[in-house]
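What follows is a pair of complexes built around chain A, which joins chain B in one and chain C in the other.
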Partner chain A sequence: MTTARAWILLLPATLFLVVGFAGPIVFLGWTSLNVKGGGFGLEQYRRFLLDPFYRGFLTETVIISLVTTAVCGVLAYPLAYQLARTGARARSFLLMLLIAPLMIGDVVRGYGWLIALGDYGVLNQLLLAAGVVAKPIRLIFTPTGVVIGLVQVLLPFMVLPLAAAIGTIPVDLEEASLSLGARHGRIFRKVLLPLTLPGLAAGVVIVFALAMGSFAIPMFLGGVRVKIVGPLVFQQAMLTGDWPFAAAISSVLFATSLLLLVAYTWLGGARRGLEAAGR
Partner chain B sequence: MNARSPFFRAATALIYLFLLTPILVVAIASLNDAASLAFPPKRLSLRWYGAFLSAGEFGRATGVSLEVAITTAAIALALGTAAAYALARAPVPGGFVVLQYLTAPLILPALVVGLALLQVYSRLGVSPSVASLVAGHAVVALPYTVRTMYAAFAAYDGTLDDAAATLGARPLRTFFKVTLPLVMPSVIAGGVFAFAISFSNIMVSVFLSGPSTTTLPVRMYNYIEFANDPTIAAISTVVVLATFLAVWGLHRTVGLGGFFR
Partner chain C sequence: MGSAAGPLVAASPRTEAPDVELSGISKRFGPTEVLRAIDLTVGRGELVCLLGPSGCGKTTLLRILAGLVQPDTGRVRIRGRDVTSMPAYERQLGLVFQSYALFPHMTVRENVAFGLDARGIRRSEASQRIAGVLELVHLSGLDRRYPRQLSGGQQQRVALARALVLNPDVLLLDEPLSNLDARLRQEVRDEIRALQQETGITTVLVTHDQEEALTMSDRIVVLQAGIIVQSGRPLDVYRAPRDLFVAGFLGDANALRGRVERRGDVVVFVTSRGLVVALDASRGGASGSTAILLVRPEAIEIGRGAAGPAGVFAGAVTAVRYRGATVDLGVRLDTGDELRVLKTLPGYQGVRADERIWVRWDARDGVLLPDEAARA
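Let's turn to the complex of A and B:
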């Protein structure tokens, strides 16, 4: 196929994203620069980033996203390792357990967590019955509840790149370390962890970006008490009707994710370049 | 890590249980006879499935969601397959950047896509319709078809196409008679994923749904806001079963190994 023909095939998808994605985002950026009473300026950004009330949303969202990413990283390693080191049939089955929840959607899962973590929900009933707690522990409408929900939703995005990274490491390396007397913990620190850093970086970028932009889970599990940026955008746009402000918050959210994506792509490209040079 | 140790196996089983918790809980709650979400259910019944089926609003919303998801999957597949074929099989300068651009909506917040499109629609005077909803969904679903098809075409043995060409087949005929049938499993997988992404989407729909184009997730979300009975649990369980059935079907036919790369 010639390059010219390839471009003809690329054109529909590329144009579609210009009209349906890039164009509207640019328009969003333009909207965010509108100032009350006419004119242009950074007033909306100043409000979001300097007003302590709104800045609280950004701070809490960043903290919750960081904690979610860290918990996902810890939980993802065993799953990824198992996925990478098992046979093809078992792997396909485990992938089914990982991917099906991903496809079910945030509303169903948010609702499920609401029932599971509620004051008289499944978890509290079990804890009360077992005599572990005297009165129900508060999980919904707390940052902890939001983190639990987000970890469940985003964990597969950490597991998949990690499993791919572990899959490229020959088992021989681990067996060699074992035969030389290294313990499993040491092999993890000295062999697995360093070699899977690129996969971990991919998972961290994806999970953090998706957590920052999350909407349904914080709506269900955070209520109005946990300040998350996604629901704030919805509230400002659809309930208050302050479109320039909603646009400014969205632009900050978008710029953060774009920066992460570019940094990650660049790091990935640089790594590939180094590998190619090494060969 | 030692994959064979009982401790390791127990740990991974617990994490999978955690992943499945909200889904299992919803299924149990849907069978509760009482009009509350009390746990454990005192009496079991299927009455909330009846409530789902008899409430016209949910039926209509399901219809809208199906229409939107099928159209979205078709568009995302057509655009994604063409683009992935070009990127994987031809020397495109800057192809890596194009691939990143086409899959960018995977990481960039879908919420922003919804709001941005809503503002453009409102500026241009476009009223909410299935088509305006599909445009937003297709943006979010495209990365899934591009990635799936790119992996398929990258692994495809190009000498088969050369053989067809030697035997006198034109490029278009070669594509439809040789290439496409061989990558059909990936086409099906990509289509199913695009469909599921659209069907379950809330972040885009919450901005673009109109009164007559309310999707199922938006309808469910609005219902949960003011009612607290297990009707939503019944609907959720139907969605969960359908999704697991579809993914299980892929697992048995195509295999899910493609997601591993």
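Let's turn to the complex of A and C:
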């Protein structure tokens, strides 16, 4: 009876996931296999992956996503450490500060960055006034601008899992390291980093996947110059009306993220296996 | 000590300065004064135990010594060198945590090698020292295990090895036995003491456990509310506690309240209920002053029956509590004074509750303390 009741409780969410997630994916895959003029085939995939123009979108998106992930990782460690090591009251305040930007939509933030980073935006005005640069530096419609915007949007997704990981490491370990003669750099490399790898990996997977699929930020900050896959899908589906091609691009994007997730799970399993072998 | 462990002996040249010298150490955390003007020296090879209840400041004092906490005032000197503002990683100290703080992702060997690596010791010398220290703590052969594959006692020994392999000037132990179960505790206690005497390493140990303090240390320093209340050899502190707090913290004690009076040629103690107790002449307080007479439960002799030899006190047994090797008796004297008496099994003579008995103790076992409550 308990099992039957459990199934009843599981049913709504399961149905929702099947209808709302698995269903569209199947439909997406189906659509992507349509060939112009009728029939089925891999033509759309060939076009996306083999045509240098379109492949450029994939390459640039991957590079921008990797850089974004790396910058997030570097920026997140100090933040996550502070978050994990402060008292409960200060922590909830810091947490609120960290999460508050998520309440504002990507579109608003994208537009905000456009104003801030524009040729005569706030940043350039300041730099010009301070005499640091002679003429405005180009940030919007460049990969750098997109990375800046993405880092700001995605940083919390790196900080949170990292902070959770650091929180599980007793302060004793750091103090023991200090008393054994290790300075802070060594403590980070030999103790903190290895012990927070699972948290870091989780953050990397989330941030990379979100960066790969980002849309609003590259729309605003990348314009037509920076080739990002998200806006390309939008353009193909909504402006060109080429649904099969848009579906194929989406599928590649989805497969990339899935592959990453599988790699993460597998690496986690491998690590546990390795540790078990030490017995 | 095995020959391989030879270089582990602290081999610094003898100097005039004590190994540890704390002077005027104060520390406050917010409104709480954790330590107040602490002075403490620890000589070469000495094992000093900081004893006190939780919150007395003993752990903070250890952390100040280790360089993990900065004192508000005062100086810390180690082997004559002022290290007050020296960061923890430059002090040559071996710190063993209550939690052991072993690195979970490193093997026993990697844990022990961590400090050597951090101090840039050559690999060949390092592996020699690791082998020596692992032999010293009886962990040879377990060097590839991870901490979680070891028992609590073994983890404790890894923590010790990790600290000792660096030949520290001073070994600092923070509640080293509190995470072990009772039987193991005794074993590890003896092991640590033996190791300490073998290596001759100056050691500061923090504990709230009186037995640990009594059995392990050369000197006990009792702390209360950030102040050193008493300091001395274990037996001396036990036999002559300075006040009721020390007496109660180090063993059990019967405390009789009353006043010191002169009766003819002798000075006696009269409890508030009228019991008259002879005092050891050398310990007599000022006549007429209120005081507390302290008698250890194990110092009291008992006998069956209402009447005994001259000078005994008559009373009745109120409770008999068996504690395995000992029996804990509650006794109410005819004056109404209550006493706890601790006897080993043959010594308690099978007395039962409500039985009439007599008690007595050697005057030298009575410790006269000033009555803090009356003085305040």
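Following the convention adopted for this analysis, the second predicted complex is superposed on the first by the 263 of 279 C-alpha atoms of A that agree within 3 Å, B and C clash if a C-alpha of one lies under 4 Å from a C-alpha of the other, contacts with A are read in each partner's own complex, and residues count from 1 in each chain.
Operating definition for what follows: a contact is a pair of C-beta atoms (placed from the backbone, for glycine too) under 8 Å apart; a residue touches a chain by one contact, two chains touch by 3 or more.
The structure presented is a predicted model; accordingly, all values stated were derived computationally and were not measured.
By the touch criterion stated above, A:101 is placed in contact with chain B alone, chain C being left untouched. Between chain B and chain C, it is B that contacts the larger number of residues in chain A. In the overlay built on the shared chain, the residue A:56 is in contact with neither chain B nor chain C.
In the overlay built on the shared chain, the residue A:41 is in contact with neither chain B nor chain C. Shared-chain residue A:180: touches chain C; no touch with chain B.
Touching chain A in their complex are the following residues of chain C: 66-68, 87-91, 93-95, 97, 99, 101, 103-105, 107, 114-115, 118-119, 144-146, 149, 162-163, 166.
Those residues of chain A that touch chain B in the shared complex are 1-3, 5-10, 12-14, 16-17, 20-21, 23-25, 27-28, 31, 75, 77-79, 81-83, 85-86, 88, 91-101, 103-116, 118, 120-122, 125, 149, 152, 155-156, 160, 163-164, 167, 184, 187-188, 192, 205-206, 209-210, 212-213, 215-216, 219-220, 230, 233-234, 237-238, 243, 246-247, 250-251, 253-254, 257-258, 260-261, 265, 269.
Per the touch definition, chain A reaches chain C in the complex via residues 170, 172-173, 175-183, 186, 190-191, 194-195, 275, 278-279. For chain B in complex with chain A, the touching residues are 1-3, 8, 11-12, 15-16, 18-26, 29, 37-40, 78-80, 82-83, 85-87, 89-93, 96, 98, 100-102, 104-113, 115-120, 123, 135-136, 138-139, 142, 146, 171, 193, 196-197, 199-203, 206-207, 217, 220-221, 224, 232-233, 236, 239-240, 243-244, 246-248, 250-251, 255-257, 259-261.
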